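Right, I'll just put the structure down here and ask away after.
By written order: A, B, C and D. Residues from 1 in each chain.
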Amino acid sequence: MIIAMQAESTTEEIDNVCQRIRDFGYMPHVIRGEERTVIAAIGHGDKKEHIEQLKSLNGVENAFPILQPFKLVSREVKKQKSEIRVGDIKIGDGGFVVMAGPCSVEGREQIMATAEAVAESGARILRGGAYKPRTSPYDFQGLAEEGLKLLAEARERTGLKIITEVLDTEDVEIVREYADILQVGARNMQNFALLKRLGEVNKPIMLKRGLSATIKEFLLSAEYIVTHGNHEVILCERGIRTFETATRNTLDLAAVPLLNELTHLPVIVDPSHGTGKRSLVRPLARAAVAVGGDGLMTEVHPCPEEAWSDGPQSLRPDEFALLMKEIEPYVNLRQGFVS
Amino acid sequence: MIIAMQAESTTEEIDNVCQRIRDFGYMPHVIRGEERTVIAAIGHGDKKEHIEQLKSLNGVENAFPILQPFKLVSREVKKQKSEIRVGDIKIGDGGFVVMAGPCSVEGREQIMATAEAVAESGARILRGGAYKPRTSPYDFQGLAEEGLKLLAEARERTGLKIITEVLDTEDVEIVREYADILQVGARNMQNFALLKRLGEVNKPIMLKRGLSATIKEFLLSAEYIVTHGNHEVILCERGIRTFETATRNTLDLAAVPLLNELTHLPVIVDPSHGTGKRSLVRPLARAAVAVGGDGLMTEVHPCPEEAWSDGPQSLRPDEFALLMKEIEPYVNLRQGFVS
Amino acid sequence: MIIAMQAESTTEEIDNVCQRIRDFGYMPHVIRGEERTVIAAIGHGDKKEHIEQLKSLNGVENAFPILQPFKLVSREVKKQKSEIRVGDIKIGDGGFVVMAGPCSVEGREQIMATAEAVAESGARILRGGAYKPRTSPYDFQGLAEEGLKLLAEARERTGLKIITEVLDTEDVEIVREYADILQVGARNMQNFALLKRLGEVNKPIMLKRGLSATIKEFLLSAEYIVTHGNHEVILCERGIRTFETATRNTLDLAAVPLLNELTHLPVIVDPSHGTGKRSLVRPLARAAVAVGGDGLMTEVHPCPEEAWSDGPQSLRPDEFALLMKEIEPYVNLRQGFVS
Amino acid sequence: MIIAMQAESTTEEIDNVCQRIRDFGYMPHVIRGEERTVIAAIGHGDKKEHIEQLKSLNGVENAFPILQPFKLVSREVKKQKSEIRVGDIKIGDGGFVVMAGPCSVEGREQIMATAEAVAESGARILRGGAYKPRTSPYDFQGLAEEGLKLLAEARERTGLKIITEVLDTEDVEIVREYADILQVGARNMQNFALLKRLGEVNKPIMLKRGLSATIKEFLLSAEYIVTHGNHEVILCERGIRTFETATRNTLDLAAVPLLNELTHLPVIVDPSHGTGKRSLVRPLARAAVAVGGDGLMTEVHPCPEEAWSDGPQSLRPDEFALLMKEIEPYVNLRQGFVS
């Protein structure tokens, strides 16, 4: 890490900083500039704790790390892209996997109709919420285990794999029983108790980026799951919160190639939450393929005007079929540039 | 709620929207403007589900609520400010309560030294984390129950009440046993499973505003706790995430008088997390009194340069003593304007 | 517009609001709900001035417009997409026009080398700054008229058209003399004096979105140019400022299809400023085609490690050639979905 | 500056970076860590151009400055706070100066009534816009020179000094003739042509922080004015744009003590634009004193419900009188902590 001293720092203060650096197990290198002194601390780690303690010493203006704080998820540690297997589906192998379904499981008829429609159009994985994180306590909170059973039934009937959200450590066990992929929602991206528990699960986890999470924080949350034992992590870019109110969120598509540089984990794009507007989902789905994403998650409802949640961003089955047809040539094109 | 039709919407589409409005139990009022038709739906609720479903109908451009989505926490429902009692301390009675202590409980010596120092300077409540939400899995995660016991011992010794964070539903029971106030951290503000469980606890909850939470979402999270049975909720403004990187967060002091208009719940200000910089804590503490806050939460460490977390924003005991001395005349002044 | 009265508003207050609405030339419709009264004001305009004045009346809780504030640039006023002609180039006709060149014109050799390289790879328009908006007064401020002359010489030599930025009303005349398209930079998007002057110019204007400009504000700035007489406006999405620091800005690709819904003006994407990172430019360029953009602006420098500005986001000529090759099949694909 | 090499950088790449550093006139210090090599470049400057060029070299992962980019406005260069004199008023001498008046000058009666009211309550400086930056071309654009004349007449009558905004280089001369302080609005904070021209003016300039300007950018804009010859610069915090929509902007009060650490220029707070809501202005004004501001700018209108702009955030004269009475004891208290 690098420690910048204040312009008027004393020799004693500099010596004191060097001593602390040695105590932490790093080697200090003092570089005396014309305007201020800078100290480089060489060694393993760049631990946040050390940086913060150094920042609090007299004479120190600032201290910052050089090394990235994530390890196991980084490309430096593992050059090759991770392929996550879900039955015979591979995510991260250069192909493009589509997950589709309603925001919430509302009942048998709704989920079966959706599952059949999306399967027919080429989706491989069915999404659907049984436990719902809702901003207001007055909104529909999900069918819970009943919803999970309906998803399992839809899987049975269509051959689709299923992904569904888990909200709390206490529900991990039951969701794990039914789901093929367990999803962590944006609002739980830094629910560290949940992440640790999911590190002990032997099924893939899809981690959605938090509304105000930086790329670094996103990867550190993935690192939580991996350090606790589960290497099967899929990332999902679903838009971040900005000042713009014309869309529900701002879909950060640059995050996809950036994540591809920084991590070996696959990256899925969710243009439904990313925009909140049905008419924008198809163009952004095409862009998600073009930008190098490993797949798509999108909301589909047989009748959005009767959906109990997220209707305005849900595609009708025929719109979803059109999306699948539209992205197909884009997926074919990718052979040229994905390496 | 209000439904704005598209400029080119047809009579049939308008009739269809009116029918749906009636089905939901509202009365539609059609207002034909020169450029477009607007429909007002009158009735209880303005339910999000209804708004979303209407938005999905053909011919509808937009739909939005008129009524605020929170009820029990709102000033419209309860005009009088809530006073939360913690032993003989009242929060929300027009006075100004100070909560101080280290970010993390690190050991007996550290917490006792801090507790005694802050008690002597006039703090009433000791803060200290036993379960720590840390961005990186490699950072110190807290002493867990051992930390709670040390907090209880410090309470015993100093007479201070204690506030400490609970991270997960599974820890609610044990934290409740020890703490006088249970804190929900910013990253858990929308951990709805946790909020529901805390609604069943018979102790006060301090809910911190999420990093990217709007005031409306903040109040809806409080509403979760209240609708599940616990009316003893304290709000805490602790800074929001913006583009500015010179401070750790942007402390939104306007939120304090705004919350005072919208809700009867008391509001605490945390300038330590709000700024992330020791030298800014005192000026912002003075401002927190002046703006009408019900109290302060601030980090104090006997030796910030050895703190395991948050050293750069922690005050030394003598700085905290100075803060308390500085805010005293401001607190006295408030008799003039707080009503 | 819609005026929501406070829950406890009186009949007198409601009458007063209605009178003001009539004075402004609208028709008031009073809708008495169970919890509060709402008044719809019908008529041309929804003027901001009227909304603000109504908001200030006793008993009014909120007032907001139904109509979009922009007119001439809106799709409602003109259904057909505008085609902007620059010599024999058309922007907005369904094709995809590429503008490329260095951040700053640094000298004859540099601009000629770049112009020839980008022309050879298929760019149609040369970009290059002669007047540079720089955050610091100590940074290079541009070659001014000398830079314009070099651009003109490069046009002469290569047949490329040229686009260059104008910073100030006083420079409009001279920039207009040389440029084929005048660019308004992000920091000047709300320099209204400049926008008005550009409304009197008989050449196309490319208006870049401000760092913190909403889509609505962006379109209102375009409206300034159009209402002052110049209909030849091209919009450019170049990233907005968010909390994320891993990229220079957050490129808002959803803005492209959203603008296509709201306005008839063509939309260009600038992934160089949008990401600030050379390695992200190509993937985002592909996405810009896929999402439905009308063209691309990208920075190219013969030797980025010697560029006087924006080196880290500038492509080398061979990288630009690769970009052009990569986007070609995407451009061809668009026949299928652009309508 | 500090250059971090990629983990796999070669000796040749490191040598090349060192050579470039020497070419730029710095001394390179190579520090070989266990995971990567870091190079410190010692010397005057940390020029952005150099940092960007180094970033573009092969093998370089990142490069960043140690030194602050602003010089003349920094506290390191001038320890003593600057006092700006406007007639017999001093801004920055530890006192608290209040600037008040309408958003726009609308006519003689309005500006005279306001001037007399605010003077009577204790304001020293009258604000009022003659040239108005308006988001929409359809909004009132100001009375221009007629407005300036009315301001001068109000000055004559009340003894108040006047501050008014200048929008464009072409208007600098005429505004300078009438105004005592020239204001640069938030939307023009990076209108560099305007800043340079104001550097040649012999009157104080009040520079408002841009909607999405970092503290560093804010100070660099002030540096533009100072490097062009005018040292009389006053800064104004007026709120930044965030995701929160309940207030017009988010007033960043932490910026006040932070600016006091970084610069010797005085800092004014504008809670009217900072919140956009009349009821929040008084609490934030108190906080502005408590946090250490050098003064206040606030909007006052004799009849906000008839104001042509900014009515919802304008105080009535009696509310302004109350504000002045309320802040008085806070101003008196400051003797204790302002140094």
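In the analysis below, a contact is a pair of C-beta atoms (placed from the backbone, for glycine too) under 8 Å apart; a residue touches a chain by one contact, two chains touch by 3 or more.
The structure displayed is predicted, hence computed values, not measured ones.
The pair with more inter-chain C-beta contacts, choosing from B-C and C-D, is C-D. Farthest chain from chain D, judged by C-alpha centroids: A.
Chain centres here are Cα means. That of chain A falls 30 Å from that of chain C.
If you average the CA atoms of chain B and of chain C, the two centres end up 38 Å from each other. Taking each chain's centre as the mean of its C-alpha atoms, chain C lies 26 Å from chain D.
Looking at chain A, one finds that residues 212, 241-243, 245 touch two or more other chains.
Those residues of chain A lying in contact with chain B across their complex are 20, 47-49, 52-57, 69-70, 133-141, 167-171, 187-188, 190-194, 211-212, 217, 220, 223-224, 227-228, 241, 278, 304-312, 314. Residue ranges on chain B touching chain D, taken from their complex, read 212, 214-216, 240, 242-247, 250-254, 256-258, 261, 271, 274-275, 277, 279-280, 282-284, 286-292, 326, 329-330, 333, 336-337. Within the complex, the chain A residues that touch chain D are 2, 4, 7, 29, 31-36, 38, 40, 42-44, 66-67, 76, 241-243, 245.
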